[in-house]
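You will see two complexes here that share chain A, one where it goes with chain B and one where it goes with chain C.
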Partner chain A sequence: MSISAGPEAAASIHPAPPAPDRGDVPVLDVADLTVGFGSAAKRRSIPLQGIHLQVAASERMALVGESGSGKSLTAAAVLGLLPEGAEVIRGSIRLDGEELIGAPERRLRDLRGGRMAIMFQNPRASLNPVLTVGGQIAEVIRVHGDAGRKESWTQAVDLLAEMGIPDAGRRAKDYVHQYSGGMAQRAALAMALSCRPDLLIADEPTTGLDATLQQQVLELVVEQVASRDASLLLITHDIAVARSHCERTTVMYAGRVMESGPTSSVTESPKNPYTAALLKAFGTVDQRRMYAIGGVVPTLVGELSECAFADRCPMVGPECRDGVPALRSVDDRQVACVKA
Partner chain B sequence: MPLAIYIGRRLVFLVVALFGVSLITFFVTRVLPGNPAYLIVGVQADESTVEAVIERLGLDEPIINQYGHYMRQLFTGDLGDSWRTKNPVTTDIADRWPATIELATTAAILSICWSVPFGIVSALRRRSLSDRLANVASGLGVSIPEFWLGIILILVFFFHLDFAPAPIGRTLGTVPPEVTGLYTLDSVIAGDWGALRSSLAQLALPAITLAITTGGPLLRVTRGFMRETMASHHIRSARALGVPERSIVLRHALPNVLLPVSTMVALMYGYLLGGTVLVEFVFAWPGIGKYAIDSIAASDYAPVLAAVLLSACSYILVYLVMDILHFIIDPRTRT
Partner chain C sequence: MSVVSPRASGSTAPDGIGRVISAARARPVRVLVAVAMMVVLLAALVWDPEWRALRVVLTVLAILVAPAIWDSQRRAIRPAVGVMLALILLALVGPLFTRDPLMLNVGESLAAPGGDLWFGTDQHGRDIFARVIHGAQLDLGVGFSAAALAVVVGMPLGALSVFAAAHIRGGGLFDSVMLRISESFQAFPTLLLALGIVAAVGPSIPILIFIISIVNVPVYLRLTRSAVAPIVNADFVLAARCAGQPVLRILLRHILPNVKQVVLAQFSVNVAWAIQILAALSFVGLGVPVPTPEWGAMVRDGYEQLVYGRWWVALFPGLAILFAVLTLNQLSDRVRHTT
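Then we have the complex of A and B:
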């Protein structure tokens, strides 16, 4: 099945650099990740259910979905920083083949910032208001390496300069309230990339920035990740961002992966009705009325027993309610829909 | 903004605030019922004697003239005379102010020492035993009246256990030679360890009473701000980039928490310096609070005005010090 919907604008994907020789092991391999809130005896909700996600070496993967679909929670689980009260019920998260579920906190701390890093939305809030920007970057460098104070400071200044901060030596001594939103996000990127991680997770990095800055920051993220041969997991609710900056896209809905594959295929000929509806909701310039998906997102108090999108799907049939559709390979992608 | 300009601005504010306080206090004390002339000469005195006293005190003049006269006196450092003690108010205050400073400072130090670390630890270990204990301690500190706690401590440690000395004043031993007016400090300066022991023993129970009651709110505020800071985005970012927990607490969280906590400490210390009337009464502590209350009861205007001005001045000066500290710690105030 192929469902055509959404804008027809041509994708302008950045050419990927040649992949480094890491064998066939994906940089990030998430399998059957299920996360719940509350204890096993008194489970309050299960916001992530059987997530499968793979990011290959030097690949740029977009994780797309509406608010509350579980994108950021997936990132938190990867980093081992689930919010209080949440726990991994089952599944596996591997970074360069190393299992992270159950890994000691000390090991996870070494990996955070060292081999995997994250930049969040709202960069002003992400940087400490009473520490200098340069000092915060230098600390991450010191934590993950042998550099001393002076050397780490020099590296921090160099990184800020590399991210396009003018007069980086002086600005490194400034505090975040003295930075504009765009500059703060550049500094946050410098901090995240300071130890050359294999994987950068960018969680809505352009939210809150104006349109011209959004493009600049995204270009910078992609450019810097590419120059380091790192992989990028770009979390966004904006499918246009995924289309223009990522080679592959994974679409999430209600804590499940609905479709995953090459961005051009997923956005131009979606095979999951939810992906199609999401693209339609995004609209085009000449569209006269906004399209809204009818119904509401299911409450995830227990494990699903049917397709999460069944109640809202225009193509729903009896088979959609006969268990949760598993992700299966269809042509060049994976789709969680019995009708695909 | 340079620190000098910042301090200059605050000092200007101090003068304006003190003027406002003096104005309000002066008019409020003058409109209170009761004529001090009758209290001075007694109700049996004839009208001419009363009139003479009223004239001598200048109470027959229009109130605005009285205020002008008071302000002129104030600028020469004269706070007037107390008809109750027959002393210049400056002399009375010089006798009592060190007692209040000594009690307030000791209580504030004890309060900070138990409540701030307890608040931080309990915030870091949510739902632990220390967190539950902190909840109980802060609740008790907030709700127990200080005079009641003072009486209970006297009952237990003096009356039943005979562990503390009788709660009568600042020392039961020798008074050390006056240098600062603070008995503990003067005892150390004089090398008189017996006097030090005696003054510390007298100081312990009232200081502990105040430390418990003022520490309760401080513990609650510290715990609340620490929890809030530990849940903030910049702490999440630091943790997500592998910054060790020790650095997260001490380097990243603590300076952010100490900013609001220090404001709370300033508020508490300013309150203590203004005189803790009930505790001073319970422990017969000859401080400024007791002096002010005795003066109010006797319609003795000058000491009341002086005590209120002193209290306001303490608050403003403590806040000034705290503002300077914030100026140094918090980069956002410098721009």
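Then we have the complex of A and C:
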């Protein structure tokens, strides 16, 4: 399913990341985020084990990992919408320097949709079937501003047109079942960007679309985010998508960040054995056989006491069992591996 | 049944009253029919002061139901809505043109149908046709009122209880409490409950409406709850939360419209059921006080006469119940299939 765009091609489409001195305060700064299910007395599992993640202003960051690595849960935690039974054990989440953990629900509600927005994997399901597409977008605009009915409607139609929906004035009155998958995702993007957020989280935005549409929609997302000077956190399991659309990449495994840095260096010369294994599993055309990582993802019942990847790692040594490796700076990136 | 137009107004179409006026200009015949109907209904309201409240209910209902006839998207429900509307209009205006349903005439008691007496007379010489028509007002009025009251209470409670469990802290407790209460109501036999309440406070129309609605509230609570449960964590609800919409607004604007059709279908069946409960209560003597014309009570008056070959006393009110219940069930089926 994945289109393996070479790193050279990616570099030519999108310019190299800006110098690190540009962003003083990151748009999103997640530090040591640990989330568990169940109460402190009866902890059922700890799916996020100290996540560190920074997204600078107008930067595109990819969050890559297998299913169950905690990508979507990280997004839910950032939005303050953890599922029932989950709670933040420790850590901090800052949006433009403002602490979100412990912030009142009222404040979070203003920030959601206003300063941070999300688009989901299945665009048809993320639009209400009994409300018109334009009406839903206009509603979000009204909730976050003081635009009237007519004004918000006009803005919604303009947004839809901007996202490349033909005859937007008429199509805005349609319901989501009258839209194609690609159009619905464009509408979902319009809704997410309706209040000019500083951060757009795109959770597997193209997984439900076919290969040709994937590229189009991703390019639209990147283009629109760039034109609004917003930051993008693109959650994906497809490393090729990260390679062709994001400046920086963070690799997650079993609720931990394994490696984070400029996409080109992370994907070309991975310093964490897990990143290397993941890249190998995605494969290339000239590879004879599909590569699979041996073993299974550990179940995160308690807090980890060793490297999460130790049981499956080809380079494992006794020092790997000696506590959880911390995320440390190595050259141009951060790596959580004692051997790096 | 009632038609809810898409909420959003187009950038070209005017808002509110302007839209109504432009729609009226486009279809003058419909406006004429609507005005004529309003006049008839208004006349029915002021003419006879007895049971005015019930007629208000019927009038409101007729006005809500009527537009469905013109709804081009729901062609399949037209015949059922038409019959229903005819029935409501008959109940509203019919009583103005019949004889007095309470007038006793011992000389003409148990006369067979024929001549002026289309449906014959009962033991006390009362005109059965007049009583069936007057009974329509009472049975339909009580049936609709009871079902409507049950919807108004049960639907929001059901939606709120499952929504709270998913999105509001501590909502799980509220959900279980609501479920246990509704279970304890449903565990109680309807007639026994009615018997107890009527024995305590005496039979009257408001009490009957209250009893019938109270046994129906759990039905709506559970129905709405089960209809809302699969969509309470739907992506579009999550998307609305991620867009920063308030929780209550999400419940009202995003969730309830999605379950409207299910509740409407149930409502129609429920009115039929309410009419049956009322008839059953009257049949065992717990219904409306004598000599008020009510279908169930009339069937009870007549069933003793059946063995003597006087079939008309029980047959006509029985047919009236059958017809009303069938129409409502039919309507419910059609509504469900046009979702």
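Things worth noting here:
Going forward, the second predicted complex is superposed on the first by the 319 of 340 C-alpha atoms of A that agree within 3 Å, B and C clash if a C-alpha of one lies under 4 Å from a C-alpha of the other, contacts with A are read in each partner's own complex, and residues count from 1 in each chain.
Methods note: a residue touches a chain if its C-beta (ideal position, glycine included) is under 8 Å from a C-beta of that chain, and two chains touch if they have at least 3 such contacts.
Predicted model, so just to flag it, every value in this text is computed and none were measured.
Superposition note: with chain A as the common reference, chain B and chain C are in steric clash. In the superposed model, A:Gly169 makes contact with chain C only, not with chain B.
Legend: residue contacts after superposition of the two complexes on their common chain; A:Leu81 is shown touching both chain B and chain C. Taking chain A as the reference, the larger set of touched residues comes from C, when chain B and chain C are compared. After overlaying the two complexes on the shared chain, residue contacts for A:Thr154 are found with chain C alone; chain B is out of touch. Of the two partner chains placed by superposition, only chain B is touched by A:His177; chain C is not.
In the superposed model, A:Arg196 makes contact with neither chain B nor chain C. When the two structures are aligned on the shared chain, A:Arg90 is found in touch with neither chain B nor chain C. In the superposition on chain A, A:Arg328 contacts neither chain B nor chain C.
Of the two partner chains placed by the overlay, only chain C lies in contact with A:Ala138; chain B stays clear of it. Common to the chain B and chain C contact sets on chain A are residues 79, 81, 84, 109-114, 117-118, 120, 122, 125-131, 139-140, 143-144, 188, 191-192. Contact residues of chain A toward chain B in the complex are 79, 81, 84, 109-114, 117-118, 120, 122, 125-131, 136, 139-140, 143-144, 175, 177-178, 188, 191-192. The residues of chain C lying in touch with chain A in their complex are 6-12, 15, 166, 234-236, 238-246, 249, 253-254, 257-258, 260. Interface of chain B with chain A (complex): residues 126, 232-234, 236-244, 247, 251-252, 255-256, 259, 329-332, 335.
By the touch criterion stated above, chain A contacts chain C in their complex at residues 79, 81, 84, 109-114, 117-118, 120, 122, 125-132, 134-135, 138-140, 143-144, 149-150, 153-154, 157, 169, 172-173, 188, 191-192.
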